[in-house]
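Below you will find the structure I want to go over with you.
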Amino acid sequence: MLNLELLQVLGLKIFFAFLMVSVVMTFAGYSVLAERKVSAWMQGRVGPNRTVLPFVGHIPFVGSFLKGIGIFQPLADGLKFLFKEEIVPGHVNKVYYYMAPLVALVPALTTMTVLPFGEFFHHSGKSTPLILADLEIGILFILAISSLGVYGIVLAGWSSNSKYPFLGGIRSSAQMISYELAMGLSLLPIFLWVSQPGSSIASLSLVEIANSQNASAWLALVQPLSALIFLVALFAETNRLPFDMPESETDLVGGFHTEYGSFKFGIFFVAEYAHIVIGSAIFTLIFLGGWHFLPWINDPWPSNWVGTLLGTGWFLIKTISLIFFFIWIRWTLPRFRYDQVMNLGWTKLLPLSLANLIFYVILVTWLDLSAATP
Amino acid sequence: MNLLDLLFFFFSSLAAGGGLLMVVSKHPVPAALFMILSLVGVASLFVLLEAFFLAILQILVYAGAVMVLFLFIIMLLDVGPDGGKASKIRILSGFAGAVAVGLIIVLLLHFSQQSGFGLSSNAWPEINADSFVNGSNLTFSTSVKNFGYGLFTKYMLPLQVAGFLLLAAMVGVIILSKKFRIKKP
Amino acid sequence: MAKTRVLKRIPLSLSERTYLPQIVTGLKTTFSNMFKEKVTLQYPEEKPSIPQNYRGIPTLVKDPNGREKCVSCQLCEFVCPPKAIRITPGEVPDGDVSREHVEKAPEEFEINMLRCIYCGFCQEVCPEEAIYLQDEYSSSGYTREEMINKKDKLYELGGTLPDEHYKWDNKKKAELEGNPH
Amino acid sequence: MIAPGKEDSVVINLDGKDVSVPSGTNLVDAAALHGKEIPHYCYHPQLSVAGNCRMCLIEMGTPMRDRGSGKAVLNDDGSPKIGWVPKPVIGCATNVSAGMHVKTESDVVKECREGIMEFLLVNHPLDCPICDQAGECRLQEFATDYGRGYSRFVERKNVKPKRTRLGPRVTLDDERCILCSRCIRFSQEVAKDDVLGFVDRGSFSTLTCFPGKELSNNYSLNTVDICPVGALTSTDFRFKMRVWFLKETRSICTESSAGSNITVSSREGQVYRITPRRNDLVNDSWMTDSGRTLFKTVKAENRLVFPSVSGSRVSLTEAMDTAFKLFKNKRVGVIGSCKSSLEELFLLSQFCKATKAKKFIRGHFGEDDGILLSADRTPNLRGALVSGFANKYPKSDLSILNMALQKGELDTLVVMGENLLDSKVDAASLSGTEVVFLGTHANETSKLASVVLPTLTAFEKSGSFINRSFYVQAFLQAIPGPAGLIPDLQILSNLISSVDPESDLSPDLKKIWIAMSRVRNSPLKGISFSDLKQGTVQIDGSKWKNMPFVEKSALHHNPMMKIK
């Protein structure tokens, strides 16, 4: 039988899950705003500065400032997506057409169940990580689930029954296969390094990885090539420029979402940014020390709730900086040609990550042996 | 019936139903999608067995990579409904289906004769926990470390053989698909 | 004769081949752009200055005596590439003393602003200098019908422009003076 | 050397090239035969030569002959020496003669044309924006082609009355008139109604009607057509539409059996005017005024625009089904019409064959004016004979039908647009019969009809008529019919195939013509519809030579010579 304790735990989990979904979705929404603002600034424009809420907007100074930075724009965008006329082209495959946006969004949101974002200090000074489910194989879970996100795009492209979306779908699947290998291979040396013989860590948990960087070098400094490959693959997996092949407005109109409008398009949109948010968070965790302060420096914050807040805040700052980096790259680099994308993935990144892996295998073995001999 | 049972029935029906729908789907794209559904169901069953690593690998390798490749190929070749020679295959698949159904009936009969339809636990062979990683001081668990240890000690040979098999298959595919220029005398 | 200089293609160095330095340079450029002065015009509040030869909404103008200049020759209708202009020609009634010598005037004159491409051919072809693309550029409406400018709307938009010829007035004068009768 | 020409033709040298032209033609026509345009205003090929516009001035010379011996004078190289006329001559009044040399492009000719154009334009108003002739105006064309491009005239232009009423249908703009006198000659020579003339002198010259007369004859609008400038305008067409918008379609006038060739000018599904089309076998360049107003019936109030069953609107298929029930296994009478096209009459007789129907037809007759309005006021009476629908000459009423009705021989009547009640058929005798009415306009009969199937007017469909001289002439669709209606041929072929599913009669004109020419002893043998598009085709009408045709001798029609 379901007992009370289980229900309590379940309720709490559901509450936290709900909270996290809201936070990530808000982040995604405001990433859109950030994208528009940053792109505007980089192009000598001012970006959205018109939307205003009735009462908030009329507060002197604050209201006009908030309006100026477009803080209400995501609300308006969301509402617009909701209230727009729902158009379904006559030639689509209805079931899959409706299913596709959901398939795109669900994996993006599922991955955050194993995403730690800080640590909670007990009175005793012991800490537990802030995470919905501390899976031993967290990183694998994230890789697995996020790789399912491509089905949303493939489905959308296929069910639209139209040329450009179809091409977008095909490109997306090919791109996913090409870069997932490099991504996985770039992570292997990390785990080899972290759980090398002698260390207490023997799992693929993200919490352990983040904690291993406390007061020691960030893994981005230890393994810069892994970080670079992972970052490039991350760009490709999230379909961000310069890898936005499935969408590429210039040659595929809108790619997989050409035939989508109103809220269904909105879901695709949010899913894309949710992927970016989660991707940034993962990169922060693995390579940038997570919620820990700076490399080789012990966390300066106290071991109580203030420390929890500061740590989480620090984690968020890192994540947001990475999101900014995503946007920055988008408005700096031109798009690759499709064959260049494939070329880069298979002939550059894959051999490079293999070489990287072999190098670290040898290095770790040598370190292990030299530690054992004396 | 507790939650575990409920989940088991849900996920197993997902796996079985997905498989069935995959077989009966006319169009290859939905068929592939149903296969993914089935794989997810199987992975969930692994989770229920607390074999998290296996479940994740199932998703990562099959649903995440192999099936994406499948879909890519299907879409690239633009295979429509009844793209193949369905009429010839129909007899064959009917035969295969009949054999499969027969096998299932035989199995069910075998188990039910042993234990009735309750399928009590003694119908299943006992898993010897210690037998798994003998030769090491690690106890049996589904953790990654133990899994890896087992793979690289006791099951080293099968692993390498499987690896070579896959390599041979890959080389074969490359040779078959590559057009070699025939030198004319 | 200009000499063609053949540039030698220098092979890329290793760092160039990774593209990373170039990417960093690009990132620097875009980042420094973020803090430059913005060039956006806050449109409804600030308006751009319209140059003299701007091609805004086509309008019909009246001569300084307040009479319509258009004689509905339909050349603009003919020349209009998107077929936005539709004229129903009519005859000026005998009783209209100030205009009867012109004989012909548009009974209805429509310019469909949903079709108009602001090419200015109508202005160019008009033998009576009656149609002008003036400085108005923003027009909107809730229905398609609203976006079809009727004759009265066109005259309201056009107003009066100075006339250099007074062609029909001179003709009227000649008629009154009876040349040679 | 000038080679000897063929019989009845002479060889002249046109701008240095020897060409052969029929003897007796004037130089304007002769040059036109060989693609050289000699501009002209007053000359019209079907009117007498006046020679007063001077636009066709050219240089001309004939081989010199020795006065004493009468022998040709030769150059040193043996070619005949040409004696050029010292001053330019007008081409329209100079007939060709053997060995004549003509220069149409020399500097003198060019200068002459420029001078003439400049003089013509001295007093011509700058009216083009409001002038209806603009776009088909000879003055505009020649001013651009042969004019100087600028004027040295700085004085004030002449002012004349702008709106003079010459007749009920013609308005004169005096300022634009270039005094070519074509209209005067037309009235005298073709219309035989001498009402126009010039008064006053010099720049005061004015075209006017003789006192107490007006230009009101039935051919008055032809003066508007031949006016090379915009001086004579049609009161009806005045200021309606600029001519460059109009789509021109070749058609045939349906007014009478004269079958004048016409051009239907339409824009966006609306006909704006009808003008004659030159056909020297049928109507020269003329047509009646009354024939020009026929297009107004297209948008008439009593036009039938939707199918109906006993007065209420139904879909076309529903109306066809109802009609089909009315003549399935019934005794059917078909009242054909001489206003239908040849192809429709052929399908109608096939329909009669399929339903074993009795055939009736009536004629419409009136006064013959001896020119282009013949006594037979239907365009296709001979078509009814040729198609096999009628085998007797139609009477002006349907008293035979009335007798049959009174005897109760008929259950269902299929009426092709005719009004039965004004042709000696009583309403009482119609009471026991069902009427299926196919027509363009409502009349008393259509109001009685159980099924009304609207058809298209001659402007909305293609087909052919046979005129009074047994000329088969095609007319082509100018405008689309009212929305939702199908051509008569389609209706008829649908009706036939509903009665006789075996029938393979298609509504396609080409296929109907193939079927028609297969009929035994058909005079249409060897003719196809595309031949008709090339021009008028005369067929052998000797089969019907004993019929009492009512047409009198008229323009290009001699009842005595009608048999080929």
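To keep things simple, chains are lettered A, B, C and D as they appear, and every chain counts its residues starting from 1.
Basically, contacts are C-beta pairs under 8 Å (C-beta built on N, C-alpha and C of every residue); 3 or more make two chains touch, one makes a residue touch a chain.
The shown structure was predicted, so the numbers you read here are calculated from the model rather than taken from an experiment.
Q: Can you name the chain whose C-alpha mean lies closest to the mean of all the C-alpha atoms?
A: That would be chain C.
Q: Pick out whichever of the two, A-C or C-D, is joined by more C-beta pairs in contact.
A: C-D
Q: Relative to chain C, which chain has the most distant C-alpha mean position?
A: Checked the centroid distances; the maximum from chain C is B.
Q: Rounded to a whole Å, what is the gap between the Cα centroids of chain B and chain C?
A: Those two chain centres are 69 Å apart.
Q: With centres defined as the mean C-alpha position, give me the chain C-chain D separation in Å.
A: A distance of 44 Å separates the two centres.
Q: Taking the mean of the CA coordinates per chain, how far is chain A from chain C in Å?
A: That pair's centroid distance is 50 Å.
Q: Hey, how far is the Cα centre of chain A from the one of chain D, in Å?
A: That gives a centre separation of 80 Å.
Q: Got the chain B residues that touch at least 2 other chains?
A: If we look for residues of chain B contacting two or more partner chains, we find none.
Q: In graph terms, with chains as vertices and touches as edges, which category applies: line, ring, star, complete, or other?
A: Contact map by chain: line.
Q: Throw together a list of every chain pair that touches.
A: Every pair of chains in contact is listed here: A-B, A-C, C-D.
Q: Name, in rising order, each residue of chain B that touches chain A in their complex.
A: Interface residues on chain B, with respect to chain A: 2-3, 29-30, 33, 36, 52-53, 56-57, 59-60, 63-65, 68-69, 71-72, 75-76, 143-145.
Q: Sort out for me which residues of chain C touch chain D in the complex.
A: 71-75, 77-78, 89-91, 101-104, 127-128, 167, 171, 174-175, 178-181
Q: Provide the residue numbers of chain D that touch chain C in the complex, in ascending order.
A: Going by the criterion above, the answer is residues 125-126, 128-130, 134, 156-160, 162-163, 203-204, 238-242, 244-245.
Q: What does chain A use to touch chain B in their complex?
A: 1-2, 96, 135-137, 140-141, 143-145, 147-148, 150-151, 154-155, 157-158, 166, 169-170, 173-174, 176-177, 180, 202-204
Q: So in the complex, the part of chain A that touches chain C is made up of which residues?
A: Residue list for chain A touching chain C: 38, 40-46, 328-329, 331-333.
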